[in-house]
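Everything below concerns the one structure shown next.
As written, the chain order gives the labels A, B, C and D, with residue 1 at the start of each chain.
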Amino acid sequence: MLLPLDVDRIRKDFPILQRTVRGEKPLVYLDSAATSQKPTSVLDAERAFYETANAGVHRGAHQLAEEATDAYESARRRIAGFVGAETDDIVFTKNATESLNLVAYAFSNATAKAAHGAEVDPRFVLAPGDSIVVTQMEHHANLVPWQEVCAKTGATLRWIGVSDDGRLELDDLDSLIDDTTRVVSVVHQSNILGTVNPVRRIMDRAHAVGALGVVDACQSIPHAPVDVSALGADLVGWSGHKMLGPTGIGMLWGRPEVLAAMPPFITGGSMIETVFMEHSTYAAPPKRFEAGSPMVAQAVGLAAAVDYLTELGMDRVEAHEHALTGYALERLADLRGVRIIGPMTNEDRGGAVSFVVEGLHPHDVGQFLDDRGVAVRVGHHCAWPTCRRFGVPATTRLSTYVYNDTSDIDVAIEGILAAQNFFGV
Amino acid sequence: MLLPLDVDRIRKDFPILQRTVRGEKPLVYLDSAATSQKPTSVLDAERAFYETANAGVHRGAHQLAEEATDAYESARRRIAGFVGAETDDIVFTKNATESLNLVAYAFSNATAKAAHGAEVDPRFVLAPGDSIVVTQMEHHANLVPWQEVCAKTGATLRWIGVSDDGRLELDDLDSLIDDTTRVVSVVHQSNILGTVNPVRRIMDRAHAVGALGVVDACQSIPHAPVDVSALGADLVGWSGHKMLGPTGIGMLWGRPEVLAAMPPFITGGSMIETVFMEHSTYAAPPKRFEAGSPMVAQAVGLAAAVDYLTELGMDRVEAHEHALTGYALERLADLRGVRIIGPMTNEDRGGAVSFVVEGLHPHDVGQFLDDRGVAVRVGHHCAWPTCRRFGVPATTRLSTYVYNDTSDIDVAIEGILAAQNFFGV
Amino acid sequence: MDVESLYQDIILDHYKHPRGRSLIDEPSGESHQVNPTCGDEVTVQVSLDDDGRLVIGYEGQGCSISQASASVMSEMVSGAAPADADTVRQAFVELMHSKGAADPDEEVLGDGIAFVGVAKYPARIKCALLPWMALQDAEAKAGIGPDQEGTSTS
Amino acid sequence: MDVESLYQDIILDHYKHPRGRSLIDEPSGESHQVNPTCGDEVTVQVSLDDDGRLVIGYEGQGCSISQASASVMSEMVSGAAPADADTVRQAFVELMHSKGAADPDEEVLGDGIAFVGVAKYPARIKCALLPWMALQDAEAKAGIGPDQEGTSTS
């Protein structure tokens, strides 16, 4: 099978892919939906920052501080450009989870402040009777924060159901998202099912009832060209470590008007305008949301990652993974006793392929794959309610990226067969 | 002057200190209170992690995931050991600012949840009439979050004043911290004044009235041996980047009983026990407070930093900086028109030395230092109310670390003289 | 190190043919334990018979390791005096933390010795320990302890 | 690149002898701007005289660059038509973003050309721009704009 990316060449850029595991077996990394591996250029960029420019950003008047600030802000510019955003509409966080919490806390913070007489944007003030809408395929990061908001404000959580073939049930969208709805937050591409959701349609419905729209783009931005402003959302969160970048950095994009209306989340240095003992005022976004010493080296590393991805071409990255996913779906469908959890076809679908094997627990499947050097994830993938929806305690998930080819899938398939054979199922 | 540390040898471990600035001038880095530089061993540890073990932690069943989890948890163990803590009492955050917000949000979250009928630990539920006590020398990171808690709960903020020589005014401690006080949060070592505060005494008073005690140890843990459990506090926060570690990692230590009583802050994956669409339950600390993919490489890098510091010996680090601080204080005191903002003597004092020069704005002083290759910080150092207390808009601050010696101070002194000369003051 | 050292025959046998897997009437203590990483679940119930010996009920779903461990646990401690059960539990916990280097005592652990290979796979240790944690918790809830008056006859 | 290229004599002169530094009575617009990094502050007030020309008041505290810039600003735009003041302001902003590579036009900028060296020091650009941002904001609050009917006589 001829793939759009030259995997042999790409693999040379990833030192970890040269290593062996479990007694000299070449590493077959099929766990990129959990976290991706990092090319040398990312590691070099981080290191070069520390070795030449490291200093506090936005605060010092010396040359290092200038260079560090420049490195940080140039990283923001390149990362913004990668998703078609304006530089100042990108907020750096530690991960997507913080990004989504930042949004959720805008609601609970505004509600609490309003109750004590502060003037806040009424869009963020919730009360019993209000509803928040998510889906049944959310990662915990886009579910638990909203449960917390409900617990703190009395609002009610609703969710869009998932069909047997892993698609959102949108027939009753107009009744689910109604006049009571204040915010709708949905995952763009499911990390467990692989489904790519029609977020534009859902965001449009949110806006039709005056609700704010949020998209969790953790699994889409790393794998396909995404223009955040074209999703129809007000706010979009994602992580750097899943897109070849370092651990410890995430992003939140927001429409400038919405960001400007949001109260701060984490407060402290760098996010203020003036501070008195009695009260403080806050800087404009993105700084308002970046309290404390930021993840500077991580931003620099992530900028190198988006440069790397840009050079590969996100169109080609998407096509590559589409081809691989098709291959994986076909090979899995051929196996006896294997049930795919999620769409069986390759339409509107990304490269996270979950499955269960009749008579075998995913942990045991994963162990056999591991024994062959194949790294996959087993468990509920932080989407436990989705597992329940499909009546499975957990799944085994293969997930691909730019450094995978069909031979990786082949090794995984052999591992599944070996597990079936060993357990006699 | 014979210093306890062999600075020439140490400087070889810090690649950035080999560089020049502003036209071939050797870098004189006196801005470690903002952020410290990183030794090669830290950069190597981070890189080795990415090149050999990077994977999702606590989630995968494959060899890489095991190694990554092991690297992360072993880092926690070493960092805990460095401050005399039990491993599980250390929570990783992105910086000290997040650590302090995590604590502050325990109060506002518990208060909001209690208002909607949830069962929460009553120690964290605030109401009008309750007071929160900080000091007039807090970094914004330990002031603004408490202002926010007050705005959300109706509690009142009080503060311990600062005397002309930069010490806390503790005479009226017993009336400031009274029956209404629910939490007392104070900085261990001021980042602007250099003052080391008698936190034990303040924490004891907090406990005497049944309040919780919090210490901001951002500037103490990097510079002296600190046993967090001996401070008398319930919770202690600090950052990694100020102690030779990477950007993007902070710590919160808590007494296990207190951590266990605290509601979560950022919620999502990895911090849960079970998740249903309707509700979730939470993991025990420290995981409860570590939602999302963590700062794994940063934890690994920071562990290498504490190993480096341990090898130097924190006693010697303290003695070294004490000697340097004494030298800086003496040399500055000799200068005409220079006023030290903070204690003039070297007792209970760390190596952040702030000053103003008569007739010169700190920005202009900083510029002259920068011109000579000296990196210092000018501004309010995220302690704006402290500047106001001393009637100055800003200060120039020298701050030292293990790689500084007296010659660094000498270059800075020459720069001050040059500025005075140039401006004719 | 290979996967066969993990899945010893004894484990597979307990997995496929779990011993004593059912719940009991009116347990004096019950504990439901979950492994949040993978969703493995096990419920363990305890009470004491007239001789002060343990009566165990259990149920669960999950991987071969957690379910086989529950079966072995039930076999080893059903009918045992609480103090003896505690000795077995402690030996099992110790085995799991041995990194696979232990030489477990079959006298104490019975079929539990088959889990020695599990200790080499950190992600699976939690699976193996799950029923034993449930046992400890259920006993605590029932007020059954090794040092408790009248409960230990050994 | 050295510190003298930053602190040209014109800047020092304006710093030590600020021109027109005082507040005015009944301004039609006023803006207080702060540089949160260093605490530099400047207040700029505007109104129009009977000929539609700018009357400027200001006050401030801060470093030599911010205070000299306020003095130059006041000198350049006091008595100017709003549209002309806007041209100066835009030229100054452009100069500040030139990274020190610009060849500023003295015709337009007057003493403002002395700030060319500031553009090489990113941390100081904010200082130099502070009074000009305050001017723009004060004008906006006063409803004075370059395109505004009757306000521009050029």
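Keep this in mind: a contact is a pair of C-beta atoms (placed from the backbone, for glycine too) under 8 Å apart; a residue touches a chain by one contact, two chains touch by 3 or more.
All of these numbers come straight from a predicted model, not from anything done at the bench.
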Chains touching both chain A and chain D, listed by label: B
Taking each chain's C-alpha mean as its centre, the one farthest from chain B: C
Intercentroid distance (Cα basis), chain C paired with chain B, Å: 45
Separation of chain A from chain C, taking each centre as the mean of its C-alpha atoms, in whole Å: 38
Where chain C and chain D are represented by their mean Cα positions, the distance between them in whole Å: 78
Numbers and ranges of chain A residues touching at least 2 other chains: 22, 59-61, 65, 272, 274, 363, 367, 370, 378-379, 384
Multi-chain contact residues (two or more partners), chain D: 37-38, 121, 124
Chain A to chain B touching residues, read off their complex: 15-16, 19, 21-22, 27, 29, 31, 34-35, 37-38, 43, 46-47, 50-56, 59-65, 93-98, 100-101, 108-109, 111-113, 116, 118, 136, 139-145, 147-148, 151-154, 157, 159, 239, 241, 246-250, 264, 266-272, 274-280, 291-298, 363, 366-367, 369-370, 374-379, 382, 384-385, 388
Residues of chain C touching chain A in the complex: 1-3, 6-7, 12, 37-41, 61-65, 121, 124, 127
Chain C residues within the chain B interface of the complex: 34, 36-38, 121-124
Sites on chain A touched by chain C in the complex: 22-23, 361-364, 367-368, 370-371, 378-380, 384, 387, 393-394, 422-423
Parts of chain A lying in touch with chain D, wherever the complex brings them together: 58-61, 65-66, 69-70, 272-274, 283
